[in-house]
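Quick heads-up: structures coming right below.
Common to both upcoming complexes is chain A, partnered first by chain B, then by chain C.
So, the complex of A and B:
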């Protein structure tokens, strides 16, 4: 279970962007978080994935309270989350080829012995063809790059997925393909999902339940 | 019928571009010539630059001695080439060392942030508050005259601006989502710094190193001119100008003029090339010589 308990967070001292927000995701459940632009839903997603230290409140992952944020979080807790961001251009290191991009989490965890096959397996899951793997981010489209980012998020087999406006930059067919990739991963592993977005139709179709930001904030 | 004329801005742009190309070409040719001269002349021309010929002392420029001779009859052209060689070597090594120090310090400050950042940047402020040359003099004064004290002195006074540039660049890279993705993938601080941040700042650091070479050459010259740098018998651009002071007062202009030109022309050429590189890295910023 992923519990966000009374989270208050912001980027400047004394000016919280979100205040006292609580949200729970059951194991294997997919929760869609709907909200207008600028309401703080991405901040909440970053807190959930241990990427932003909240001013107050706690995050409990499968019964264990988060031990820290960003680098201070224990590696096992950090890697329990697969994170996909809105803009693939910004979330891909421009110097890495797509194969290196996808393999990066394996290497960061000292598992560089296994990449080749694994990278190909996960690339296939998100629908990336072999010939794209040798290219760098500027040589592929936004959609192809986002596919690589999803593969990178899945490759460590995280128990939780946080997708922050994952499909906002993509066309309908890529959106469908990536949602399908995420869902087939979830049925296989039973991972939970927190999907943040503003597209009510998409999140209603995609998730077990959707939560409206206005109901959380009150 | 209205006549169709070239818009004024376009004509201006063309002229600006052509002067720029001209500047880059001149800089490249001079830099290349200087590079070849300092690399090839000493091994190919088997002449002793230290050879004293008191019979031929203080001769004005002639065919036998294009730059004339100094007060003990040494050929000044040869001395200038040897001097440039020493000065460039000192400048190059000092610039590389300074850039390595600056990059490491700046990257550490930017990547670790918080208390480390504040401590390091206050240290940079502290160093910056003392004039470069004064600090450099203080450092060379602690050693016997020689090449290494000068290299150390110039390197230790020139890493500050690189540290600032690299820190700012790292801070901006650190806020990119790909760093978040790396953290989420379990990357350690060191891994994020080495794999994702450092490669992003290397072009800037390389540029800083090249821009620093002229500055370092000037510093070497200044220290040697003050008699604190290289020992006087060792030809360097600074020592040449220094030992020419006496003759200048007697009206002999060539021992000062030629080494002086050797200080100015090659360093401006290198700076010109570095400026072109910087324009490629950051085309939006209008380039001017940052020295």
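So, the complex of A and C:
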């Protein structure tokens, strides 16, 4: 279970962006978090993925309280999460080929011995063809780069996925393809999902339940 | 064509527009191939397609903002006979951008100058485009802000102090100042939430009114459905279908298999993605670029389909009744220009003799003026 308990967080002292927000995701459950831009839903997603330290509140992952944030998070907890952001250009190192980009989590965890096949397997899952794997981000479209970012998020086989506006920049077909890639991974592994977005139709279609930000914040 | 029926020349008439980029090693990226459409006053056309299909390159071509390694062919003629593709930088900067073609940019936060207030940017544009005397600049800026529903009490703010919606309105206000007959909106709603998307496109529709024409480039089908009269679908650099929005989104539905697939992928419809990915614009097949993903593909698809009756497909869905007259005319043109697949290359080749263009100055320099 992923529990966010009374989270208060922000970027400036004394100016919390979110205050006292609680949300729980059951194992294998997909929860859509719906809110207008600027409401703080991305901040909550970052806290949930252990990428932003809250000012107050607890994050409990499968019964264990988060032991740290960002690089200070214990490896076992850090690697329990796969994260996909809205803008693939901002979350991809422009110097890496797509193959290296997808393999990066393996390398960062001292597992670079295993990439070759695994990278191809996960690339295929998100619909990336082999000829694209040798390219760098500037040589592919936003949709192709976001596919690589999803493969990167899945490659460590996380138990939890956090997708923050994963498809906001994408066309309808790529959106459907990536949601299907995430869902087939979840069916296979039983991973839980927190999907943040502003598209009610999409989140209702995608997730088991959709939570309105306004009901959390009140 | 809708436009010729009305008698007046179209606000924009794009004929056989092609853009290709010369790459290292003599390779070419064919970003736009043989685009044909026209826009009458009061008309709103949405150009839809996935990222990387060439739709933003088309917008850049219309504003003369292509990089130096671009080669163009065809023409894009305004109602006063100005060809946007043939115009030199001086003409573009002094007579076209902002005056004949107003740009509503993709990312207003990046389009606005971050170190200056909204008011100072509006005043500068008013001064340049309308030659308003200094004493009445502020009043003119306020008027410009009001047209785009930008709150006057926010005029002295810097772009970073604005919400996404207000930044969008500030950028729209700038685009409207010159009273250009053609509004070009390049992904005006990217990254905005649904309410804001609807508000933004409604405002664009309102500004188009009866006297202007709007070309909205977007990947957001819902936004296109909301305001467009006609939909043009672009795939791998070509317009593969152009249809009345009502038919396209209504019971008749799209007729090109790609357009059908795109609609079918919407979460409010079947939510089924189109298999595969689009081909590289640097290595387009000889025939139909969609064939390898297409459930209807057959041996005929080895030849490039011509846009006939508003759809470029050998196996298009038969439309209810006759195809749009508009598409028929364009199709006839296409047939002449493109008797076979190789002719498109020849069309681009013709442009090679044209002098490479001067590197473009950014849009802002036009607004800043050359004083």
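The criterion applied here is as follows: the second predicted complex is superposed on the first by the 218 of 218 C-alpha atoms of A that agree within 3 Å, B and C clash if a C-alpha of one lies under 4 Å from a C-alpha of the other, contacts with A are read in each partner's own complex, and residues count from 1 in each chain.
We take it that contacts are C-beta pairs under 8 Å (C-beta built on N, C-alpha and C of every residue); 3 or more make two chains touch, one makes a residue touch a chain.
These numbers come from a predicted model, not from an experiment.
Asks: Fit or clash for chain B plus chain C once both are placed on chain A?
Replies: In the arrangement built by aligning on chain A, the partners chain C and chain B fit side by side.
Asks: Quick check for you: in the superposed arrangement, does A:179 touch first (chain B), second (chain C), both or neither?
Replies: Only chain C is touched by A:179; chain B is not.
Asks: Is A:168 touching anything from chain B or chain C once the two structures are fitted on A? First, second, both or neither.
Replies: second
Asks: Applying the document's definition of touch, where does A:199 land relative to chain B and chain C: first, second, both, or neither?
Replies: Second partner only.
Asks: Have a look at where A:113 lands relative to chain B and chain C in the superposition and call it first, second, both or neither.
Replies: neither
Asks: Could you look at A:38 and tell me whether it touches chain B, chain C, both or neither (first, second, both, neither)?
Replies: second
Asks: Should A:152 be classified as contacting the first partner (chain B), the second (chain C), both, or neither?
Replies: It touches chain B, and chain C stays clear.
Asks: In the overlaid three-chain picture, which partner chain does A:14 touch, first (chain B) or second (chain C), both, or neither?
Replies: neither
Asks: If you take every C-alpha pair with one atom in chain B and one in chain C, what is the shortest distance in Å after superposing?
Replies: So the smallest C-alpha gap separating chain B from chain C comes to 6 Å.
Asks: For chain A, which residues belong to both interfaces, chain B and chain C?
Replies: none
Asks: Taking the touch rule as given, give the residues of chain B at its contact with chain A in the complex, in rising order.
Replies: 176-178, 180-189, 191-192, 195-196, 199-200
Asks: Using the touch definition from the top, list the residues of chain A that touch chain B in their complex.
Replies: Contact set of chain A toward chain B: 46, 49-51, 70-71, 75, 78-79, 81-83, 85, 87, 90-93, 95, 104-105, 108-109, 149, 152-153, 156.
Asks: Taking the touch rule as given, give the residues of chain C at its contact with chain A in the complex, in rising order.
Replies: Checking each residue of chain C against chain A gives 49-52, 163-164, 190-196, 219, 221, 261-263, 265-268, 271-274, 276-277.
Asks: Which bits of chain A are touching chain C when the two form their complex?
Replies: It comes out as residues 36-38, 86, 127-129, 140-144, 168-177, 179-180, 198-202, 204-206.
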